[in-house]
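Right after this note come the structures.
Each of the two complexes below includes subunit A, the first together with subunit B, the second together with subunit C.
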Partner chain A sequence: MTYKLPDKVIREINVKYECFFGREDTDGWDVRQAMNDLVGFDSVPEPRIIVAALHACRRLNDYALSVRFLEMVKHKCGHEVDKIYPYIVQEVGSTVAELGTDFPETLGYDKPELFLQSVFSM
Partner chain B sequence: MAGEVGKASKPQLRGLLKSQIKRNIIVIASITAVIAVAQKVFINDQRKKVYAEFYKNYDIEKAFHQIRNKGLFDSCEPDN
Partner chain C sequence: MGFISNRSKYWLERVGNREMVGYGLNGLPMYVDKPEFPFPALRYKEPTAEIHSLYEKQKGNWKLLTREEKKALYRSNYCQTFAEFTAPTGEWMKVVGIGLIMCCFGVWLFILQKLFVYKQELPISFKPSRVRAQMRRIIDLQVDPIMGLCSNWDYEKNDWKVKRWNTPPNPFIRCPDDDE
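Presenting the complex of A and B:
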């Protein structure tokens, strides 16, 4: 009743994006375009693609983009964050450490910034 | 966490929104069905029953004469 993409097509899409992030001649615009495509899919990006994207950020010297990308990955987990995100961290954590980038949690970006207590409730 | 944390197995990464939408539709459809049945039984059928009970033994002729003899009609005189 509901249409399910064939596994072959899914594999091809994953390979396409992994190869795209591996390209040496893409600039910041292209990488962001590919990341935006990943956001549009109804899926959490595969760890292999996340790793490739982080390497692309490293090549472009774009630290902020890597953190933002990881924040996007967490957001894509939706309601199942507690099940999926630890798995992602486990798969991708070594690459994150190796490339010298950070997860948003390490930087405190998963909490609201500049949370000031209201003067009326001090 | 104390001790070795076992490697987590790969969870479902694809189709999360799709399954969420399916679940939402099923829940909403069932709630709507329950509400519709409750509306029919407790409100619609109840009202019909009240009207039916009123009109079961309603004698419109008697009611007409009652109102007429109170002098409330313009086109008919009371009996006295």
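Presenting the complex of A and C:
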């Protein structure tokens, strides 16, 4: 039986992260720390949090960070990419178009582009 | 590295000109591509004049960046994309191959043992008449009478209780080669 946090706690966590990304005084360090925390949760980030994070990237003038964040969201979908990712694209697509970021598919990064030898086999 | 600071000479030699942008994996100024920590502590490439001009351009409207410029921005910040560092390496084939080679080595040892260690002629107690005689002795001694061998032997019928695919034939039946 899987353990699920109570709904109230989940809502509090979502509100906390959404507010954090909405803050005007956080710098790149804090935003990356919050994004790394989001990766640690056993869930795909809510579309509201994704939208807030993309706005934070825009405020920090960091384009690559937003693309990396969207790649992370797709990776967090795990085995059920086909079910969850289209929903995310649908919810977040308007913000992505408005801000000028791209989903990784647009840049061609959904398939590997370069081959680099792994550092563990050098 | 709790006692060497992140700005010590050791780290600055390795970091070079690159900007330290975050906490990263464990607080050290390293660049690592990991799906569990996708936002490393450093930008990947050292800044050049072109990269600086791109950074200035990205302060404006992102829709004015061309696709090549966007890709250059990504590659200057990150070494590999998610698709690249989560791509299958095919290392499982190497592992399975080496495992099977080890198994072959074991099988070779078995073959060489049969050829060179054991005598080609089996001892006399392997003859079928002798095996049946040993079986009769085991049944007469009532070996393992509760849960084991002789619990399956019916002493009234003088035969096995249940005959399955793996029960030996009845050793009390007389056969032509019994007097060897």
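Here is the rule we go by: the second predicted complex is superposed on the first by the 110 of 122 C-alpha atoms of A that agree within 3 Å, B and C clash if a C-alpha of one lies under 4 Å from a C-alpha of the other, contacts with A are read in each partner's own complex, and residues count from 1 in each chain.
Just so it is clear, contacts are C-beta pairs under 8 Å (C-beta built on N, C-alpha and C of every residue); 3 or more make two chains touch, one makes a residue touch a chain.
Keep in mind the model is a prediction, meaning the values are calculated, not measured.
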Which of the two partners, first being subunit B and second being subunit C, lies in contact with A:Q90: first, second, both, or neither? first
Which superposed partner A:I13 touches (first subunit B, second subunit C, both, neither): neither
Between subunit B (first) and subunit C (second), which, if any, makes contact with A:E46: first, second, both or neither? first
Who does A:V81 touch here: subunit B (first), subunit C (second), both, or neither? neither
Is A:T2 touching the first partner subunit B, the second partner subunit C, both, or neither of them? first
Provide the residue numbers of subunit B that touch subunit A in the complex, in ascending order. 7-18, 20, 22
Can you tell me which positions in subunit A touch subunit C when the two form their complex? 28-29, 32-33, 35-36, 39-40, 58, 61-65, 67-69, 71-72, 74-75, 99-102, 104, 107-116, 118
Residue set of subunit A touching subunit B in the complex reads 2, 10, 42-46, 77-80, 83-84, 86-87, 90
Quick check on the complex: what are the subunit C residues that touch subunit A? 21-24, 35-39, 55, 58-59, 61-63, 65, 67, 70-71, 73-74, 76-84, 86-87, 89
